[in-house]
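A, B, C and D label the chains in the order they appear, each numbered from 1.
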Amino acid sequence: MPQTTRLLISCPDQPGIVQAVSGFIASNGGNIIDSQQYSLGLDAHFFMRLVIEPVGKFAAGIPNLEELFKPIALRYDMDYKFSRGHKRMAVLVSKYDHCLYEVLLKKQYQELDVEIPIIISNHPDLEPVAKMFGVTYAYLPITGDKRAQEKQVINLLESHNIDFIAMARYMQILTPEFTSAYKHRIINVHHGFLPAFKGAKPYHQAYDKGVKIIGATAHYATEDLDMGPIIEQGVIPVGHRDTVDDYIAKGRDIERMVFTKALCAHAEDKIISYQGRTIVFD
Amino acid sequence: MPQTTRLLISCPDQPGIVQAVSGFIASNGGNIIDSQQYSLGLDAHFFMRLVIEPVGKFAAGIPNLEELFKPIALRYDMDYKFSRGHKRMAVLVSKYDHCLYEVLLKKQYQELDVEIPIIISNHPDLEPVAKMFGVTYAYLPITGDKRAQEKQVINLLESHNIDFIAMARYMQILTPEFTSAYKHRIINVHHGFLPAFKGAKPYHQAYDKGVKIIGATAHYATEDLDMGPIIEQGVIPVGHRDTVDDYIAKGRDIERMVFTKALCAHAEDKIISYQGRTIVFD
Amino acid sequence: MPQTTRLLISCPDQPGIVQAVSGFIASNGGNIIDSQQYSLGLDAHFFMRLVIEPVGKFAAGIPNLEELFKPIALRYDMDYKFSRGHKRMAVLVSKYDHCLYEVLLKKQYQELDVEIPIIISNHPDLEPVAKMFGVTYAYLPITGDKRAQEKQVINLLESHNIDFIAMARYMQILTPEFTSAYKHRIINVHHGFLPAFKGAKPYHQAYDKGVKIIGATAHYATEDLDMGPIIEQGVIPVGHRDTVDDYIAKGRDIERMVFTKALCAHAEDKIISYQGRTIVFD
Amino acid sequence: MPQTTRLLISCPDQPGIVQAVSGFIASNGGNIIDSQQYSLGLDAHFFMRLVIEPVGKFAAGIPNLEELFKPIALRYDMDYKFSRGHKRMAVLVSKYDHCLYEVLLKKQYQELDVEIPIIISNHPDLEPVAKMFGVTYAYLPITGDKRAQEKQVINLLESHNIDFIAMARYMQILTPEFTSAYKHRIINVHHGFLPAFKGAKPYHQAYDKGVKIIGATAHYATEDLDMGPIIEQGVIPVGHRDTVDDYIAKGRDIERMVFTKALCAHAEDKIISYQGRTIVFD
């Protein structure tokens, strides 16, 4: 069965863009099912997401579309990306299993529209979970040289043609080489309401500050720890009866939820990053 | 200063609509600032909202645009509406002031983009509030003949060229003549989470059922009481310490919030009703 | 290690209850760690929950305490219950796994303070899940005679000394004999915001009504389907882009959350039912 | 009509406190309507709030009660406070009116249980609002010497026997002399989700960081700006369509809500501060 095509566009705003794009689609036999457009206003940057039925030339391959679209993209100075079908997502995980379960269950329920060729971990603990859901599990321990292990990880990602990476509480800091090789393609979940409570033990920090709400943040991993563009955030109230352990327990619920929401949005090409912020279409 | 034009479209889906519409806009010198489109999928109904900069023919009057657009509308069997500028909103109110204050404050803060030529009430109590915000207050008591009073209300609405009506806890049931004369132009707030708790004393009903969350609903008023298309709903938790009076107090907060959200959406032409449901664009 | 004792009390309000109860505890060498008390006010019913350190006579067995407490209970016409340690919870499940996973994971994280001696199902599908978490799975198919199968279920519950039952989307209506045998000891999750959307296909009902928020409800199962005392409710917004399938997906998240919250509250003796409503202590 | 008595207690935990306190109440003819108790666990600090019916000696004056209670307080090393009736609350305000309206409306609805003898401002703008609600408005401009104006403010507070102060977006930094004179009796609302976004223009800071949720915080004002014990926090989602002005508008809704919730809790003696955190009873 042929699949719908998704098109993401970002460019300086000017009159005529929508007409040019919709004209391109119509003249190639396509039909727009969903379209969202948004302009930043004063700075006049334009963002658009389109979903196109697999008819006309949109029933055929992506490369051809990219060639055909190039003149329009050049005229309007566009960043653009056509895509189709499931993305291939790798999961990096350490010992905590709550985000991993959530990813595997949401995939099973077809809420998370990806293939998961591989789960990679620096610990052997979660192999049984991977096994139960029928996913290959690669145990790559960190034995002294962290860089050597990271290279193994990257090799594995490449050999599996991975499109993007889900850091399901991986607990390791990636090198700048890694994050820049997968720019805007690594999604991390931080167990704090960024930009508050960066770094280690955010729930302890939150407890010490006496906040009444705790949160979690899904964001693109960049070389600045816990500083990449935020995709999704969630919160939950805490009260004086809650201990740090209760914060951690409540936090698990929020972490897994914002994490999979962010993964779903990325998987369906709903996110555009621009100047350190994200546009996340519905 | 010329104003942006808003265009709402609803029609059976088919290829080429977006191109036709965006082509119409471009060929008349317009520039699309915001566009949202949504198709119901299988039943293939198409909904669109556009915001167009006041350039080219879009700097001139609406009637001319409607004439120019007619051929496209006919070809695609469209319901459509151009609009521009502030709508004229009347407020119907009884004795409760919380929704009235909210409407007047949100207008003052320019969150609610309307003119309010008149507040109409069957009680004199809230005249001082109207006065304080500089709005005309018409006291039209119900003395025996409800229909006679309703006619006075309608006359007043007509003489003030009212576009739509905010029922800010008006506590009166409108006749079918009234609701059909202002179809999809009367927004009521019901102090219950519809379709549960229709009719009178919804908070008492909720208390008796022992629910743990109460809510409020803003909807278009139709001849079926509390059954018109829902625009916005909100909820708030209640606990065993809460009495019915606490429900009513918490309810006030939710009522005013869902009410003004719905009014804002209507004022900015973000709502399309279709088959008893609403599409509410962002 | 000796365990804390929990005491739940419900009786007509009158002066001196707290003194009598706290005096009883002190004179038996106990120390109150946590205490919550609540009186319904006008109808003057009194509810209390106490947590007592395992010192003095509170380090010994429950039966002795019950004997010692009887005079006070008689004087104040109290319903009361001492308890200690983990309750034994059975899970009834059908084919949907999301509530089952949640229960097993929350137990694993020690958020849900129970023992789970058995999972019972009328389908074989979820046996692998039970196995993975090391819990016995009993497959009791319904072959014609529903009552016969129910009897098998009850036998199994009795043989495992089950304290209470988690209906994790079991999809079967229990007989009044069953529900009254386990009065206030069966917790069901209904995938709708009760009292709206009782019965079958609540998400379809919600979709048809065009609501903007959907919900789920955990309640004690009684002989009136979906009418027992509500323990916990949760909601999630839906929009015009959401299909019924999206409602079902979003619903899964809410169902599992309200369900396990209710189970935790029951497991820790935080719930008192009174006149069809529940008091749920923090 | 005699009024209920509220008693707040905080002391090192040890066995027998509840019995001693409830014995004191019973032996003086009182009846406990509501009681909440909470112990921090390991560090073993004990917190309690009681509401006592106006019978027996609890129908008479507070000073007598304090005298009677002293021996118990000494034995258990208690911080304690008896109180009864409405507190006298002053409002400090600048030019923003949304928190002021909320305070005055919640008082009018009897949700906020205080007397408001005076509203003090460094600007004349909001006098009409005060007038409408029948509250005295003192305009004390800051003309060069900030300290001189603060002295005038303090004089006015003292002459009106003010119990506590609501800083309804007052926009002025108080001196340490002021904050320590009214320790844990000044409630400020900060328009950011503390500890993130301290200081000026928090919504601009939030926008620049690209957060997906914004918040507001009500806290006791201390000499460290925006660092006093947090009482209440609230949040609201923001999206890529929201401008900083939208953040400010959404923020108004959250600010006024957390602010009045904190004021209500303080007015009803539900808050105990301990080591920079607050216990807020239900």
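Following the convention adopted for this analysis, a contact is a pair of C-beta atoms (placed from the backbone, for glycine too) under 8 Å apart; a residue touches a chain by one contact, two chains touch by 3 or more.
Worth saying up front: this structure is predicted, and the values here are computed from it rather than measured.
Engineer: Which contact partners do chain B and chain D have in common?
Structural biologist: A chain counts here if it touches both chain B and chain D, which gives A, C.
Engineer: Report back the single chain whose CA centre is most distant from the CA centre of chain A.
Structural biologist: Relative to chain A, the chain whose C-alpha centre sits farthest away is D.
Engineer: Round to the nearest whole Å and give the separation of the Cα centres of chain B and chain C.
Structural biologist: 42
Engineer: Distance from the CA centroid of chain A to that of chain B, rounded to the nearest Å?
Structural biologist: So the centre of chain A lies 37 Å away from the centre of chain B.
Engineer: Multi-chain contacts only, two chains or more: what residues does chain C have there?
Structural biologist: 38, 41, 239, 241, 282
Engineer: Chain B touches which residues of chain C in the complex?
Structural biologist: The contact residues of chain C facing chain B are 38, 41, 193-196, 209-213, 215, 229-235, 239-241, 243, 276-280.
Engineer: Quick check: in the complex, which residue numbers of chain A touch chain B?
Structural biologist: 14-19, 22-23, 25-26, 29-39, 41, 53, 55, 282
Engineer: Where on chain C is chain A touching in the complex?
Structural biologist: 97-98, 101, 105, 109, 111, 128, 132, 239, 241, 249, 252-253, 257, 282
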